[in-house]
Amino acid sequence: MKFGILVNEGPYQHQASDSAYLFCKAVLAKGHEIHRVFFYHDGVNNSTRLTEPPQDDRNIVARWSKLAADHGVDLVVCVAAALRRGIKDENLAPGFRISGLGQLVESGIQADRLVVFGD
Amino acid sequence: MLHIVNKSPQERPSLDACLRIAESGSILLIEDAVYAAVKGSASAGKLAEAAKKHRIYVLLPDVEARAIADRLVDGVTGIDYGGFVDLVADHRACQSWL
Amino acid sequence: MTEGVAKKFMFVNRTAPYGTIYALESLEVVLISAAFDQDVSLVFVDDGVWQLKKGQQTKGIETKNFSPTYRALEGYDVEKLYVERESLESRGLTEDDLLVDVNVLSSSELGELMAEQDVVLSF
Amino acid sequence: MLHIVNKSPQERPSLDACLRIAESGSILLIEDAVYAAVKGSASAGKLAEAAKKHRIYVLLPDVEARAIADRLVDGVTGIDYGGFVDLVADHRACQSWL
Amino acid sequence: MTEGVAKKFMFVNRTAPYGTIYALESLEVVLISAAFDQDVSLVFVDDGVWQLKKGQQTKGIETKNFSPTYRALEGYDVEKLYVERESLESRGLTEDDLLVDVNVLSSSELGELMAEQDVVLSF
Amino acid sequence: MKFGILVNEGPYQHQASDSAYLFCKAVLAKGHEIHRVFFYHDGVNNSTRLTEPPQDDRNIVARWSKLAADHGVDLVVCVAAALRRGIKDENLAPGFRISGLGQLVESGIQADRLVVFGD
């Protein structure tokens, strides 16, 4: 089955990104497919390559990048939301791409389920 | 329909809205919404009532982080992230009450 | 567009405007989804009904007043707007206070409508 | 003490917490908290009761953005940002009920 | 440190742990403020009381369990911890459920304490 | 009178930064002094020079920078919160500086009033 995922909050401030990541890992472990993870609202802040969390904490951005590298998951950052919040190609972490909101609607159409994580 | 609630019942009206509007389907409590299932809390009666109409699930990793595994009301089913995936797959659609 | 049969998309708006950005950025998704020829519904529940209040004047907070966009939705063929009666009443509002025509539904009517959807996005 | 509340009374328990705990002082409603002062709403009675113990202010730019200037309950005083500054200056300390 | 007389700082914790970062980052301010030799109080109200619940196990959410830090506060001379009775009771909690010793106060006792503060930070 | 200001949320997502800015302008208009504006939690995201909001919207980051340029207001971003969220000198907007949490406590001590804006 194909899952679409929407993440509406940035890393650390809210649990949304953590929950979405653990859900994605479980989706793959169950043998399902992830159609796309779309980052909207403050969710775009999950894609900055400049984060440097404390050594004893999880690295949320790096985890997403690794998910893309290991499983080819499509990580899409909304361009309009990203411009508002200062996410551009120059600070984008590996594995993410910036594109339009149409990619979210398309994921809603093409995936069998769309699961939303937010505040 | 699978209804996903992620907010504490004493902090936000999202569980109330879900229970008022959702006619049928299952309810999954994640993140701070797991507090809704605490025995002896202000929301315990509400949840017991809801369990008559809906199947109610709680996400165990969130329950354990919040140290309430030993005080959940009867009639709620604990699941892990794999179970969360199965629940989404088993329902035709899902809705997050953000 | 991408497939033959349209899916039923529902946007559930539960937050007031201006205090947070959700209402504004939700509208942006609605406008895009209209371009995909899907079956789109908008629902306003809880503080979300405040998004439709007539007479918003945002000069004093130096923020864009986006409420006229709700009036423009018709032009995008987004015509299914639903408001929960209980949410209106507990805020002292009536249909006359709203800047667009809506269908006012009871909580359970709204629940039935939700149960029919394929994709539900809540903001 | 000046108590500043910025959340809708139907969305968060912050106004309730403030009214339950604050023994005295003034209350300023800003951002989405201005909805608490709407005539005929679920919180109108609560606010009328609070007005017996506290002086209650609303920030007009937020009231106007939300289109509720013509339906505020009696006994609340509208102020602009300059008035907000004066209120903070006139009280020994202030507290935001986030 | 910067001035002769200490100010009364109160930290009001009203949010549950893990769902948001406020509880964790609030603790970081508390620890710093202790180094400035101020008169520091911590208050736990509403869902904030959950921060002190014994037995938190965060492996399953892959997040650091920061609750042991509350036990370390004493070492920083942060010893004034207050919990509102009503907040405890409406969550089915008692003092025995908490991982540190606290003073349980009524809402109005807490209100009196707040009224004496110079700086109140709420998270 | 000296005012300290604390901003706990990022730009656009919540009104906190807007309210804090309008409050600061009113403080100055009344002839008071701003001791410091401290950005904590997601508030650190107010300091990224990469934001590019739509033409018809306010530019929240640029407004803060201008406040610093015109009135010498001290804009301090918490280093620990900033590292978690990907704010560093390389993407810091003009007028902001990155420093420790002690600067917030110091503002609480030295300012006559500390006003908090957040979610």
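Letters A, B, C, D, E and F mark the chains as written, and numbering starts fresh at 1 in each.
As a working rule, contacts are C-beta pairs under 8 Å (C-beta built on N, C-alpha and C of every residue); 3 or more make two chains touch, one makes a residue touch a chain.
Because the structure is predicted, anything quoted here is derived from the model rather than measured.
Undergrad: How many steps does it take, at the fewest, to get from subunit A to subunit E if each step moves to a chain that touches the one before?
TA: Counted as steps through touching chains, the separation is 1.
Undergrad: Where the contacts of subunit A and subunit B overlap, which chains show up?
TA: Intersection of subunit A and subunit B contact lists gives C, E.
Undergrad: By the touch rule set out at the top, what is the minimum number of steps from subunit B to subunit E?
TA: The fewest touching-chain steps linking subunit B to subunit E number 1.
Undergrad: Copies subunit A and subunit F touch; is their interface built from the same residue numbers (over half shared) or different ones?
TA: Counting shared over all numbers used gives more than one half: same.
Undergrad: Farthest chain from subunit C, going by mean C-alpha coordinates, please.
TA: So the farthest one, by centre of C-alpha atoms, is E.
Undergrad: Based only on mean CA positions, could you tell me how far subunit C sits from subunit D in angstrom?
TA: 27
Undergrad: Report, in whole Å, the distance between the mean C-alpha point of subunit B and the mean C-alpha point of subunit F.
TA: 38
Undergrad: Between subunit C and subunit F, tell me the centre distance in angstrom, where each centre is the average of that chain's C-alpha atoms.
TA: So the centre of subunit C lies 33 Å away from the centre of subunit F.
Undergrad: Which parts of subunit E, given as residue numbers and ranges, touch two or more other chains?
TA: 18-19, 21, 46, 61, 63, 118-119, 122-123
Undergrad: Show the residues in subunit A shared as contacts by 2 or more other chains, in ascending order.
TA: Those would be 8, 12-13, 15, 19, 22, 41, 57, 80, 114, 116, 118.
Undergrad: By the touch rule stated above, which residues of subunit D touch at least two different other chains?
TA: In subunit D, 6, 10-11, 13, 31-32, 61, 80, 93-96, 98 touch at least two other chains.
Undergrad: So which chains end up touching which?
TA: A-B, A-C, A-E, A-F, B-C, B-D, B-E, C-D, C-F, D-E, D-F, E-F
Undergrad: In the complex, go through subunit B and note every residue touching subunit C.
TA: Within the complex, subunit B contacts subunit C at residues 1, 13-14, 17, 20-25, 92-98.
Undergrad: Which residues of subunit B touch subunit D in their complex?
TA: Going through subunit B, the ones touching subunit D are 10-13.
Undergrad: In the complex formed with subunit F, which residues of subunit A make contact?
TA: Answer in residue numbers: 10-13, 41-42, 45, 48-54, 57, 61, 80, 83-88, 90-91.
Undergrad: State the interface residues of subunit D toward subunit C in the complex, per the touch definition above.
TA: 6-8, 10-11, 31-32, 35, 38-42, 44, 60-62, 64-68, 70-71, 80
Undergrad: Of all residues in subunit C, which touch subunit A in the complex?
TA: For this pair, the touching residues of subunit C are 1-3, 7, 9, 21-22, 25, 28-29, 32-33, 35-36, 38, 118-119, 121-123.
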